[in-house]
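Once you've had a glance at the structure underneath, I'll fire off some questions.
When the chains are written out, they are named A, B, C and D in that same order, and each has its own residue count from 1.
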Amino acid sequence: MNIYQPQLALVTALTDETHDTRTLRLEFEDEALRDSFDFHAGQFGEYSVFGAGESTFCIASAPTRKGFIECSFKAVGKVTSALREVNVGDTVGFRGPYGNWFPVDEWKGKDVVFIAGGIGLAPVRCVIWNVLDRREEFGDVTIVYGARSVDDLVYKRELEEWASRSDVKIVTTVDPGGETKDWTGEVGYVTPVVEATAPMAQNAVAVLCGPPIVVKLTLPVLDKLGFADEAIFTTLENRMKCGLGKCGRCNIGPVYVCKDGPVFTAAQLKELPAEF
Amino acid sequence: MTDATRETYFISDDDLRALAGDLLSAGTEVIAPVAVDVCASPSAIASSACLRPGVAPVDIEYRALADAAELDLSRGLPVLSLKQYFLPGHEALCCWRQHGTEVEIEAVPTTFAPRVVLAAKSCDSAALAIVDKVMNWDYQDELWNGRREATTIVNLACPVVDESCFCTAVGTAPDDVKGADALLTPVEGGYLMEATTDKGRVLMEAHGARFKAETDTHGAKHRGRQAAEERAAARARVAANLEIDAESVREWIDAHFEDPLLAALGVRCNGCGACSSVCPTCHCFDIVDEEEGIGKGTRRRCWDTCQAPTFTLHASGHNPRDDQHSRYRQRINHKFAIYPLKFGEVLCTGCGRCTRACHAGQDLVEILQAIDIAARRPDAAAAAVAGAEPAGS
Amino acid sequence: MSEVREVARKLLTDGTVRVIVGWEDARRGARPVFVTDPADTERLIFDTRCVHNLVTYLNPRRDNVAELGKIGLVVKGCDAKAVAGLLREAQLTRDDVVLIGVRCGGVLEEAELPKAASLSPENVAPRCYGCDNREPELVDHLLGESQPEPPRPVMTIDERVAALDAQPLEERWAFWTEQFSKCVRCYACRQVCPLCVCERCVAEKSRPQWIEAPPHPRGNLSWNITRALHLAGRCVDCGECERFCPVGIPLSLVNRKLQHIVAERYGYTVSDDPESPAPIGDYRLDDKQEFIK
Amino acid sequence: MSDAVDTSGAAADGFEPRITAFVCNWCTYTGADLAGTSRLHMASNVRIIRLPCTGRIDPLFIVKSFERGADGVIVSGCHPADCHYTSGNYHARRRFAVFHDLMEFVGVDPRRMTFSWVSASEGAKWRDVVDEAVANVRALGPFEAYRALAPEDAGVAAPAGARVEAEAS
């Protein structure tokens, strides 16, 4: 079996997060693999629909939750549209896990601030669960999550679950005009909400994922709040094909996002050409 | 390669062809330069429709020989490099069959029948050794490796093709054996052949009758001198085309991403992938699924190029490299800075194919020259830059 | 040649244009040059090596050329037809560009030569034979002396097309499938074509995948047929696709055949008159339909 | 239509042509329907694909049909002056004239491509068009030449180029 050949996985559940975002739960056909499969928070995979091709997403479930993996995607391209058509019981392909990961182990004893916009919560969700499953190892956990509208908030059940915990501070926000009558969260863009939330930067790390504009605007705010570039983690989403550091597509300057990333610190990002 | 006397053997022109014939009759695939009538076809059209009488346009191509007589030893440069035999233009990665919700995957074999490449160019064999690095970066590409292992490559010392050759500037040479297993050097009446790897020695031993050991005779000494002169002359010829300091070039590119010399290179570039297609080291690829009817198909990889806008285009419409300047810079950057940084080698063997293939006049020799001058003699850079970027800008 | 420099210098100096796109003499021969500084107009040349159809740089896809500012473009008669094509298809307005026309008596097959050569049957670009536009009309400045007809090449493109036409179907199939099987799908033919203006080429459309991406003979045939067909009645016969093809597919034969088809069926010949409607996209009630039952 | 297109081609003696027909919704499709409701007897080798107008039929549809194993194609629509959209068929006529001639130049037998005008009332003409197309293609045999263009590794696990020994076990 060569490195490009996918594993087969059964779709065992699907959840519509929003009108255009769906989460699939996959279980490997190979039982041994189902038990042995391991990954780190932040790693990604190549998901395939046979006949349509492969697409790259992070593994959205937490490594601490065994036996299955999950991915969340928006149907925008050829493969994601095909993935949107699969049903529970169908077979898809998976290669991975690939890439580096969030150094969660290094965060022990620190506060962790999660900031996500839109579907950017998918890679962050994985880390959130990873951290919450080992809650006692970390200091304060703060989550700031925003989407265009209430309807666009993904992982709604989990947002509620996190909100109900006393050991998590969560702020959800929607863009002005995206609120509903019974919306109790904030109204405003992610960046000012982060500023207003003002998480403590001392002995803390920030995980920031979202559309490029959110990342771009929030980085200076984190800087202002006192977060060092080395303490800010994000992921790059360059187009990939192989995920293995061969096909050359995700290369930016000296890094191949698939091998050297997808997780980068803000400090690393500043060293890269702005080709992402 | 340095100790040319010990393992050097003489093989006559006829015996070299006979060697190809021996391999073919033993069922071994032999890939070698073949002079191809550019409009050759199985029909009679070639002579009447496609060719202008008296002018016989001939291309040299690496082909699997059907007959030893096809072997072309004129030492011209094949249109496409050897890359196609290791990373084919398209190849299957796996096949699938779908029955309802069930999918069955059929693996593609990764072991290959032994084959021999005769009369390869050093710029082509060296490219394989360079690309080996990325193909084995943590994950082993078995399809590439399988073909590499199954292939014995015999280089033929190159006389240097034209003014666009610059192999010595990027660390190889017309008579290099990098990536190859043996080297042929033309001498009076035939070739001197030396094996440089075990694979090469096995090949020569298996066909020992075709070779004569170069003992300490007058003739052997003469041939040895002849070969050395031939090789030295070729090196000198190519060195005259371009001389750069690859390390300075790498450092300069790394530090001058936004420099006009690098950032404005794309103006005359058409953004076609001809340079990548003909390049022996360009290895970027795409992966696509192709259905054959309903419920079965093949996942293939095929050549791709960083020069195409679609290479980096996101499904959202966002394109991190959305103009030709940035795409052309990526080509230079990847070859002369990124790859050396990651894998310790320049991703270029100086074959010059990209320059010859570009009829819009993108000239890598000129660009490297300009970068080298900028890197080593910043004061003189301005003058050299003039040719490489739009005049006056 | 000096006339071209003079006009170019004037246009740049008085600010009429920001960049002159013409030819220069480089290490490997003639090639396109983009002159923005009046002093650099000395680099401009025009001789028989100026083969390139520079109109490709007016193509709306070429944003990195457009960003240099208003273009002054040096055109031969054949090139002017491509400008007319862009105007005809509303890809360009006439005020977007200043055209410096040069009278041309034919060019060489190759631009990559150290020196210009006078034309002979052996070296002339075959497409030049029978040129009907040695003096472009669609220009703002017309330069150079009146030129004689280009020499007749040893074998003309028409003769080659006729020789193919005379072959039985199977022979033609064998010929073209072999030629197209060489294609590596670099898309140089499309990229260099001044009239391939689509923002997104059908070859890049994947939903559905009309043209199979890998360069196997089946996908290659589909691509090459489509490319040719999309240029029917539009191709100006500049030959750039064939010249840029790294594997030497004789695309001019298929392009010429299409010119014959539209000429025979619709009496249409590509000209540098932007007002004449292109044959595909137009129709007549009495178009020939002998192939329809 | 659930079965995969069998690209192996049938044996010459038992050859049943596989023909794709691209027809316009307004005239030919209705004409074909009439042929059916009139119980006209005709060859059953044709798979009809209905489109709004012949002007909507891209020549690539035909290329795609051949790629996917069709031995012949039919393109049919409204007679001149009858187009539901006024001029779609006139545009199609030019496009297919050029395509027809080009394919012939490339070496495709034009008898594999049938173009016709069949109105809503011409059920009998549709039958004749179909029967003639099928007879033509039957005489020409399976379109093996096109199928031979398929990549060697199409749907089977064998890489292009070098031959392969059994997977090392």
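Note that in this section contacts are C-beta pairs under 8 Å (C-beta built on N, C-alpha and C of every residue); 3 or more make two chains touch, one makes a residue touch a chain.
Keep in mind the model is a prediction, meaning the values are calculated, not measured.
**Q** What chain pair has the highest count of contacting C-beta pairs?
**A** Chain pair with the maximum contact count: B-C.
**Q** What whole-number Å value describes the gap between the mean CA coordinates of chain C and chain D?
**A** 34
**Q** Determine the centre-to-centre distance between chain A and chain C, using the mean Cα coordinates as centres, and give it in whole Å.
**A** Those two chain centres are 49 Å apart.
**Q** Between chain B and chain D, what's the gap in Å when you average each chain's C-alpha atoms?
**A** 43
**Q** Quick check: what residues of chain A touch more than one other chain, meaning two or more?
**A** 78
**Q** Using the touch rule from the top of the page, what residues of chain D touch 2 or more other chains?
**A** Each of 150-151, 160 in chain D touches at least two other chains.
**Q** Using the touch rule from the top of the page, what residues of chain C touch 2 or more other chains?
**A** Chain C, residues with two or more chain partners: 164, 171-172, 174-175, 212, 214, 216.
**Q** So, with touch as defined above, which chain pairs make the list?
**A** Every pair of chains in contact is listed here: A-B, A-C, B-C, B-D, C-D.
**Q** For a test of understanding, state which residues of chain A touch chain C in their complex under the given definition.
**A** Against chain C, chain A makes touches at 78, 81.
**Q** Quick one: which bits of chain C touch chain A in the complex? Just the residue numbers, please.
**A** It comes out as residues 206-207.
**Q** Please give the residue numbers of chain B that touch chain D in the complex, ascending.
**A** 29, 85, 88, 90-92, 94-95, 106-113, 115, 143, 147, 150, 290, 292-298, 300
**Q** Along chain C, where are the residues that touch chain B in the complex?
**A** By the definition above, chain C touches chain B via 19, 24, 26-28, 30-37, 39-40, 43, 52, 56-57, 62-65, 68, 111-112, 122, 126, 153-155, 160-161, 163-164, 167, 171-172, 174-175, 178-179, 184-192, 204, 209, 212-216, 240, 243-248, 250, 253.
**Q** Applying the document's contact rule, which stretches of chain B touch chain C when the two form their complex?
**A** 38-45, 48-55, 57, 59, 79-80, 89-90, 163-164, 266-268, 270-274, 276-278, 286, 288, 290, 300, 302-303, 305, 308, 310, 323-325, 355-357, 359-361, 363, 365-366, 387, 390-393
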